[in-house]
Structures are given as C-alpha cells and as structure tokens.
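Next come two complexes, and both contain subunit A; in the first it sits with subunit B, in the second with subunit C.
== the complex of A and B ==
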C-alpha cells in the first residue's frame, strides 16, 4: 500500500553506531548536561527564584566574587577526592556506594588522634592523614572481603555499612567525644597544628592534597602497568585472568585505594570546614562522588574538573538556602536531573536516528 | 520459475564500510538454497536485510514478485520470512512453549499456551524430531535450542526460512540431522536459505548455491555441477593449497600430563585420568566429539580450570597443575582459546593494548611505573602487518570491531610472539573462512617447524588429521586411543564413538 501523499516519503531509522569520534561524544554529553541545567533552572524558577537572578546573582556572583570563589575551591577539595574514589572503584566494576561510610571512618580515625593526643605535634597532621586513609580503606576492604568470601553483593554491603558508620559516629558525638566545653554533639576543636595549612588563597593544603591525589591517580590509571591491568579487568575479567593479570589483586588494590581516597575526603571536610567532627559533615558527598565519577567516565582528570563544577553548584545551593529558603536537597535534585539527562544521552552515543528516503 | 524472494542491487554500509555493494539474490519455492562466502563477504548482512533487521541503503526487495519495504522483523514475518540467527534469540528461564508463544501470540495467555503446545506437537511431528514444550530453555542443548528456534519461525507462518550458519554449533551428526529435516521441509514447498561456509554442506544438501565475495554476488549455480575446487575458487578468488606438513625432528619432552582429573561443581567428572606427552617440534592433536572433556582439558592446561588430581609438567615452568596462569605464561605457555572474544581479547580495548599486554607483563615495555606506549604501538603495528590482520583502521581501534578471522590473527600474533615452549590451541579455525583458516594452520605449522610443542584440540577432524603428528582421541573425559600420522580417518572416527 502506498503511503498517503501528505506524509513525507521515507522514514526514520534507528541504527547502531559502531564508533563515534571522541569530540562528538563530548558534544553530546555537554549538550545533555545543558538540557539538565535548563530543566533545573525551570524548577528553581518554579520554586520562587526570579529567572533574571539565576544567572546574575548566583552563577556570576559565585565565580566573580573572591569570597565565593574561595568557597568554591574549599568545596572542590573533598569533592575531587570522593570523585576520584568513585572513579577508581568503578574502574574494576566494584560498585562502591559506601563513600560516605568510608568518609566517616576516615574522619573518626583522624579525630581519634586529636582526642587522645596521640604522637608529637610535629607529625600529628601526617599521622591524621595516614589514619584517615587507613580507616577508609579498611571499611571498603571489609565490603571486598564480604564479596570475595561470602559473595555479598557490594552494592548492598557498602550501602548498609554506611549506616553502621553513621551510628558509630553519632554514638561517639553524643557520648565519649562530646565537646565538654559547650556540650554540643561535636568533638572538641582541633588544635592549630592539626589543621591543614593555608598559605594564602588559593594555595591551601586541602587543594594541594586534592591536586596531588589527582595526579597520582592519573599516573596510576593511565601511565603505569597497573592502569593497563585495570583496563583489562574492567573490560573482560575472564580474558584478563587467562592472560595472567592478577585480577583479585588488581580489584583489591582499586577498592582499597577508593576507600583511602574517600577517607581523606572525609577528613579534609572535618579538618578544613569546622575543625572538628560533626554529625552531618558528609551529607551529599557520597552521591556526589558517584555522580562525578559517572559524568567523568571514571577519568581522574575529568573527575577533578567535574568536581569543581559540582562545587559551584554546592556553593550556589548554599546561597539559595540563605536568600530564598530553598532547601539544600535542591542541590541533590539538580544533581539527579543532570545524571538522568546525561545517562539518557548514552542512547544517542550508541545509536543514531537517520532519515531514510 | 517461481521466485518467492528477490533481492536486487542491495547496498548497505556500516560506518563508511560497504558490507553490501550491490548484492543480488533470488530464492525459489521449494528449494534449499545455500549462500556461500568467506567471513565478511556479506552473507549475514544480506539475510538481515531480507529479514527486515537492516534497512538497506539502496536496492529493491521483491517478495512474491511484488516490491516491498520491510520496516522491521515483524513486517518480514508478516510476509512469511523467518530467520534463525547464529546466536539464538531465546529467553533462558522460559519454557519452550513460552518462548514460542512470546514470538507468536495466540490470544489470552492461558488459552494460548494450550494452543501453542498443540501446534508445537504438530510441527515437530511433521519435522520428525521431538521437543518437549515444558522444558526450560537453559536445560536444552544447543542443538535442541536450535530446533526451538526453527519451530518458532515455522509457527510464525514462515514460507521462507533463513538459517544463519546453523551447523557452526552442531556436531557432524546433528548437522546431518538438521539439514535432512530442511530438505524435507523444502520438499513440502518451503524455501530454505542456508548461510554457510562449509562446502560439504553445500554439495550434499543444496539445490542451488549463491556465492558472495566482497559484498557482491559472484555466481549462482547448481552445486552438483561444480567441483569442490571450483566452488572454493569462486569463494576465495584463488584456489588455496592445502597445508604442507614437513618432516621435523622431534625434540625433548615439553609437556607431560598424567592422571589428570577435573570435576565440575555439580560433582560430575569431566576429566577422568587423562595422560599424554608432547615433544618439541610436534603437534599433538586431540580429536573427539565436543563435550567429552576437551574444554576442561584446555582449561586445566592454561590454568583457568581447577584440577582435582593429577600432574601437569611443563618444561621451563615445572609442575603447574595448581599454579595460576601468570606462572605458566611466564614459563612459556601460549594459549589460543576457543572463544577468542571471551577468553583472549578485551573487546573494548585498543588493538595495541590487546597485542602488547603479554609483553607488558613480561616487562618488555618499561618498568612497573611506566608504560612505553610508543614502543607498544610500534610493536603492535609490526605484528598487524606480519600477521596480515585486516580491517584495522588505526591501532587505537577497539579490538571488538575486528571480524572473527582478524581477531584470531591478532591473538595468534600475540601468542606466537617470542618463542613459546608450549602452545595450546582450542578450535583455532572455528568460525573462520577458508583463507583465514589456512593462515592459522600455516602459523601453527611454522611454530612446529621452529621447535615449539603444540597441543591442538579441535572438533574438526580434518583439521586434526591435517596438522597433527600424533592424535589422541578423547571420549568421556579420557584419552581412549592414540594414533600416529598418517592416521586412518575411519579408525579415529570409530574410537570417537565406540567409547562414547
């Protein structure tokens, strides 16, 4: 049967793409992120933020005002670390959803050194960093052990271990570690030599740490032999094993590194922002880490850049909270929308719509 | 002349590569029509166009003499065209009846399942085989799953049935059974397309053959009027010489396997006391009907399958039965596994990464902290040239984009680099066309000539007889007989089944 004449002759074909140039992929991803931002803007306008204010007040202010620029960078440090933590674990398809639990453990371990006044002041800070990394990796290593030994799915175990860590934290803050000075549920103030040094904007210990971690992870994943092994494990575990790649060791290393980075992330929030352990310092970072790794496609350099953009979102979200009484969960809503639009854009990377005459 | 399907000047490109370049094909009522060609000749692409899966870039499709445009597999089914793919499209946890009902709805589910069961019984009766409609798909053998696919397509009302390389997964006996059934179907008026690259099937079962090369049709004729040499020449362009096995001196012992036992998780014994020896400069062939322990033997040798008891000694690596693959490989073991995409290559990684990984592990491309990417790329480029890996647009291209034959050449290039002590090859030419197959055989013989020891496990008896110096026949997890070359085909065949 001939098609009616008012319809165009031809049809839309859905085809599978075999290969798409890197540049085009980036274009599609950025386009998708922009759509997500537009949708988010519409929601903010609906929530009562005047449209004209959105761009000028928040985005431009955040980037041009020195104080908020500093806040963005301060925010970026821990986000870079959790983003790297996510990327490293996801590279071996270990779905570490326990970044927050590992952050909490990192902070608890570092704070313990302060509470018990352990070690001479000169090496206190390095000791705290080591303790944070060790506690973080122990917590992610526990999930790895459960997976290897008892076949417990890590998505479940890492997620639930977050709650174990959280309630331990609350127990400490409402109990043994409660600040005796003001009886608030937070630990006593860190001493000066326990805080990361600030050599004047923008050279802050926190940023140096984030930068160092980024470079180290980049080296490990892209330049070292371990990087090639991890790519094989990611792509085809069976072939990797048959080729003699130490699959278990590679996975264990990536899981432990992920936990250590998250532990550091937790510690620097505690150390830089309040200078003491608080009960919700980790809020939103776990999900952000996953989001950053996802948007950066587990690439450490891209993760660092995405982390800075998310930091802008965090700082903007804080001003929204102050000026428009918009809850901070709006930030998480925006993150979720961007994840969805970017995830949906995968379809266009793998497929193509084409008009066939 | 009664042509039920005609494809004229079909063109189809994928990412700039012309898979079909003006292909023609004519199918008549009641015939078994073989579509013959090398890997990548465009056979499957052309049939996917006929089945409505690919929209052609150009050309015409005539069904029953009328031009049609197929908007998808559903429309092709409505026109009476059904295709059985190489990789089955079946839902594993469903029963046979549920799978068939899913593709061919029959009203309400509860009523439909009864209807479809009656139809299945009727159809299988007619075809002369048995399929239990209540069995779950994952409890069926590959041959049985294929029957389900055929019944599914026929109950969809197909008068044209396309089988894409149907015998690739079957034993000789199963293949003969299937093709006899197809002949019977054709005698009742169905048009059958048999996509294949096995000449034997073409000459024995097809009424006509269309030969394709490079995305075009080169000839259509009655295969009975052609000699095998003529058909081969039409398929590959020039006649290929069969491999020449020169006499070599056998050297020292390279592999001793003794009393090897492997057990499945289910407790079934897969290997039951396997023992044999292989010397340098020798190809030891293992023949047998597939599923008699060959995969487990290869796994035990390469270190991917756990050994329950027994000993494997390899010169240069010592007793390796319980050592991980890395130790074996650093001792000089090379492996060419049966499923190259699952066991030998990381499809998402580049050709360079896939080639160089073995050398990286041996420390040939820099220390732990540094990968010498330039040297890796250079070595990969040289290997791609030396082993004639085609379809490489760049070394950064994903290995998964290589066709079967070229992927296998890449694996060979990696595994045969250096001077392996022992090569374990499992079905190295499976799924490859005549030219790629010849290249693989040539490489194995060259390895033998330079003094490597080779264990060749293959379901293809001709391959084993053509290459091996000694042949062990496997049956029920044991080596039941050994033959020296030149071996008697009949005697081997008897050994394969007598103990089975």
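== the complex of A and C ==
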C-alpha cells in the first residue's frame, strides 16, 4: 500500500520475537500491571475517592498497620489455595473455571461433619479437611468426566456447575441447615475444636496449610516425575502419548488436585472468617484464582506471592467498601483491568515493532 | 380448564424468556463464525441491561432510547474485546473471561454509584398485532408480546441471509475457517474479525437491554444469572447455525418460563432445585450435542480460538 506523501517513507513492521531476556519480560509485565493499577486508581478517583487518601490510607496503611497486615495474611491463605488450584489445572490446559463451585462443595462437606456432629472431636478437624478436599475434587472430577466421556467443553460445564453448587448451598442455608438460634441463612457456629488453630500471629493453621500446599504443589510440579509428565502434556498431548506418558491419568490427577485445593480454599474461608457456612463466602475468589494462576504463569511459588498481593487488594477493597461505600466488586474490576493490561503487554514480549524504511 | 389456562399462560411467557438466549446466541455465532471464540456474552448482557436501565432513568423512559443505548454500550465493550484478541492476539479464553469480570465489576460499580439499583421503569409495553387480536380472548396471552419479540424472526432471517447468502457472509466464514487462505485471497482478516465481534456484541447488547427493559424493568447487580454462559453452550449445541440456535433458545425459554409458574400453581417443590434446572438442562444438552463420532467439533469453525498471525509481510 502506498503511503500518503505527507508521512515519512517506510512503515512499521511487526516481527515475531522468540527470545526476550527474562529481565526485560519481567519489566514489561510489571509495567503493564502498573498501568492497570493506574487505570484502576483513576476509576476510583472518578468514583469519589480522593487520590491522596488512596495512597496514604490504603496502600501504606494496609501494609504498615499490624491489624490490617494480619487481615492481609488471613486473606492470603484461601487466595494461595485457589491460586494453586488454578495453576495445577491450567498446567494441563484444563480450563477449570469452577473454582467457586468446588469451594462451595468443600465448605458444604466440611460443614456437614459439624452439623451432624460426625466423628470424635480429636480428629474432627482432619476429617473436615479430608471431606472438603474430597467434595472439591468430586465436583472438578465431574467436569473432567463430562469432558472425557461426552466431550462437554469444560469451560462451560465448570461455570454452569458453579450455579448448581450455589443453589444447593442456598437450599441448605434457607432450609435444613439454617441456624435455629437466630434464623439467619447461615449454618450453626462451628465448635472450638472445629476451628483451625491459631498460635498467635503470624502462625495460624490457615497459613501453615497454605504454605504446606505451596511447597507440596511446587515439589509435585517442579521436582517430581508427575511434574515432568505434566510438562509433556502441556506442550503436546499427542507427542506425550507416543512417548508413553499416561496422558489421561496425568490430566485426571491434576484436575482432581485442582478441585481438592479449591475445596480447601472454601473450607478455610468458612472456618477462619466466620466459623460457619454463609451465603456468599466465595465471592470474588473464583476469578482471583484464575487471575493468580495467569499472572504467576502457573508457577506455584509465584502464585503464592501473587496471592499475597491480591490479598492486599482484597483488604483495600474491604476498607473502600466501609469508608467510601464502593461496592466490593471494585476488586473484581481492578483484577480484570490488570489481567487485560498484562495479557495485552505479552504482545510486546512476543512481537517486535520495527520501522522499515 | 385450569390446566388449559396454565398452558396458555406458560406458552405466552416463552417468547419473552427465549428472546435473550436467542439474540445472545446469534451474536456469538456471528463472532465465532469469523473465528473469534467469544465468552463475553455474560458480561455484555449485563452491560446492555445496565445501559438500558441507565438510559431510561437518565434520559427518557422510552424503549427507543433504552435499547439503542444497550446496543451501543455493548458494542463499545465488544470493540475492547476485539482489540485484545484480534489486534493484540491475547488468548481468547483469558480475554473473554477478563471482559466478563470487567463488566460484572463495572456494572455493579456504576449501578451502585449512579443509584440505578431497584428503580423500576415502565420499559417496553406489550402489544398484540391486528389479525391475532381478533382471536378469542382466552388466547390473547399467547400473542400479547413485546414488540421486539415480533422483530426476532426478521432479525434471524436477516442475519441468516447475510451469513449464508451474501458475499460478506462468505468472506466472514472464510476468515473463520481458514484465515491464511482468506488472507492470500486478499481479504482483510483483521477487519472482518473486528467487525464480526462488534456486530455480534450489538446483538448481545440488545439481548441484555431487552432483559432489563422488557423483562425485569429494573436493574440489580448480576441480574443476568448465567444466561450468557447458557448462550455460549447454546451455540455449540446449535453447531454455529442460527436457526438451530433459535430452536435451542425456545427450549430454554420453555424451561425458564416454567420455573416461576410451578411455584405459582401451588405445586410444592424445593425452589432452589427448580432454579438449578436451566443449568442442569444446559449440561444435559451439551452431553447430547457431543454424542456421535466427532460430536459438535465437526461443525466448529476451523480457526475458532486461533489468532491470525502474519508477520512475514514486507
């Protein structure tokens, strides 16, 4: 195409770039995340939060004030687990978008043990953890079965199963499990021995669990034979199969593990935050898990770190809700904007724009 | 007689409940026929719904103000999505999800800040056209429909004509089946894809606007309740064909229209299990669509979900 004469001769050429130094890549990604944060800040300012306040009250306060630092860590536990859940599933290219449904099932199963007073008090907590993991993996396993047996796209099935799980939760909370004491739609309070232990800040059962899960998933994905298999499956299923990798078993295992981790995430929120099953405890965690896995590029250690940053965002969002009546979905909006800017910036990592004379 | 009344009443409710599914699925088909996997429907429905209510409350409580507002708002978001996936080649699943969550957050924020929540509007009125209005009064419930319902068939016919009987449609489908071949034949792949996404978004926005202006007649956060995801499933069930999508939408309209009427008829069933049915039926329909050799995959546009990369150009 001939350029009009008032433009300089030549044009912008787009080339594929295969090897960009890790440092430069990080620079681009962090820059993109910052742009996303700035856009979000602009939206908040437009929504009526003074810019000075935004910086001092929320960013600095959230990190320096011991009470809110504690809140951030408390928030980080479940976010680490859902982030790991996302990472594990996405490693085999299984789009598990049903983290919320699996969280709901995990919490329902654990709460069932409390409601029916099942098992001796001494082992109640481990039983609840086992129940949460089992219910979570059953729900993600169902989507896997539908995909393998009936070729139902997992993006759709996992999302729809979220709604099914939600209505089951509501049925229980407005029906059989409604707290008889106050008739509010939440389950009766958990007993003391059903709560995760707190040995004083910062050693909390929840954080130990998150830490343990991070290390275990890191070992599994990066150091074990299973991790090697997963890398094969991620790169090329056909080639992996030809090399004798049990592709289906590897995928099943990762999907089940993903569901189990999400189930734990749900259980932790119910157990630590309210100590009872509530109607919207899972709000915002499903997308956060996907976001964390995406930003961490499915790396478990990076996921744990990103989860802490998202926890800061969550706590900030809660303050905004209290002080400025900004709905909590603002957190979701900010997360979506950051995903967009970071995803868009990968264009610069994979391509080079060059002026051709 | 009571059962007869129930059926007329139920069937009369079907078009209104089926319409959002039909329009949203049609919009998705337009986009996916051009090769862009589109998961944004749930978000665009919300944007359309909020824009419809917002325009009604802020400008004028008229459907001819509200529905265009819904369409334009959804087109703007569609343009954003097209920019991400077509120009910047972002993974189409990630971008689609991000757009949905962006819309959920944005509509909830705007709806709250502008105080558009739970303010009823008069919205779209029912009308009955002349030859049908002469039928006995008992059957009026069947034909007393929103104007947009009567426009649905022409819209479907028009989109069908464009997609399958016109040069534009042939090119659009070529871009979705084999972008490299289309490119070497001189078609602007980028341009066709962007236009397809934006045009599809307009239809989804109209669906969202109708949901609010014709259906609930007010705004509340998350009011689409997963209809966008069901529309995404409908497209696979319909194998990317408009008329089949319309049939699927009617099926869902029948189910959704039944839900409130079961309770109203005094049949006692656990309500939350009834509310699960659309989602369970969708999964069942997907299982049905996936049966046989190859299932729905055979009809999938060849380049669905794959960005078109052309760097070699000198």
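In the analysis below, the second predicted complex is superposed on the first by the 343 of 357 C-alpha atoms of A that agree within 3 Å, B and C clash if a C-alpha of one lies under 4 Å from a C-alpha of the other, contacts with A are read in each partner's own complex, and residues count from 1 in each chain.
In the analysis below, a residue touches a chain if its C-beta (ideal position, glycine included) is under 8 Å from a C-beta of that chain, and two chains touch if they have at least 3 such contacts.
Please read all numbers here as calculations on a predicted model, not as lab measurements.
By the touch criterion stated above, A:51 is placed in contact with neither subunit B nor subunit C.
Applying the stated contact rule after C-alpha superposition, one finds that A:175 touches subunit C and leaves subunit B untouched. When both complexes are overlaid on chain A, the residue A:290 reaches subunit C alone and has no touch with subunit B.
Looking at the shared chain after the overlay, A:151 reaches subunit C, while subunit B stays out of its contact range.
By the touch criterion defined above, A:236 lies against subunit B but remains apart from subunit C after alignment on the C-alpha atoms of chain A. Legend: residue contacts after superposition of the two complexes on their common chain; A:351 is shown touching subunit C, with no touch to subunit B. Of the two partner chains, neither subunit B nor subunit C is touched by A:323. In the overlay built on the shared chain, the residue A:193 is in contact with neither subunit B nor subunit C. In the superposition on chain A, the chain among subunit B and subunit C reaching more residues of subunit A is C.
Once the two complexes are overlaid on the shared chain, A:333 sits against subunit C while remaining clear of subunit B. Once the two complexes are overlaid on chain A, the subunit A residues touched by subunit B in the first and by subunit C in the second are 13, 356. Across the complex, subunit C meets subunit A through its residues 39, 84, 88-91, 93-95, 97-99, 101-102, 104-106, 108-109, 112-113, 221, 225-226, 229-230, 232-233, 236, 270, 272-273, 275-276, 279-280, 282-283, 286-287, 290-291, 295-297, 309, 311, 313-314. Those residues of subunit A lying in contact with subunit C across their complex are 13-16, 43, 47-48, 95, 97, 146, 150-153, 155-157, 159-161, 163-164, 167-168, 170-171, 174-175, 287, 290, 294, 325-327, 329-337, 339-340, 343-344, 346-347, 350-351, 356.
On the subunit B side of its complex with subunit A, the touching residues are 14-15, 55, 57, 71, 302-304, 324-330, 335, 337, 342-349, 353, 357-358, 360-361, 366-371, 397-398, 401. Residue ranges on subunit A touching subunit B, taken from their complex, read 11, 13, 17-19, 219, 223-228, 231-232, 234-236, 238-246, 356.
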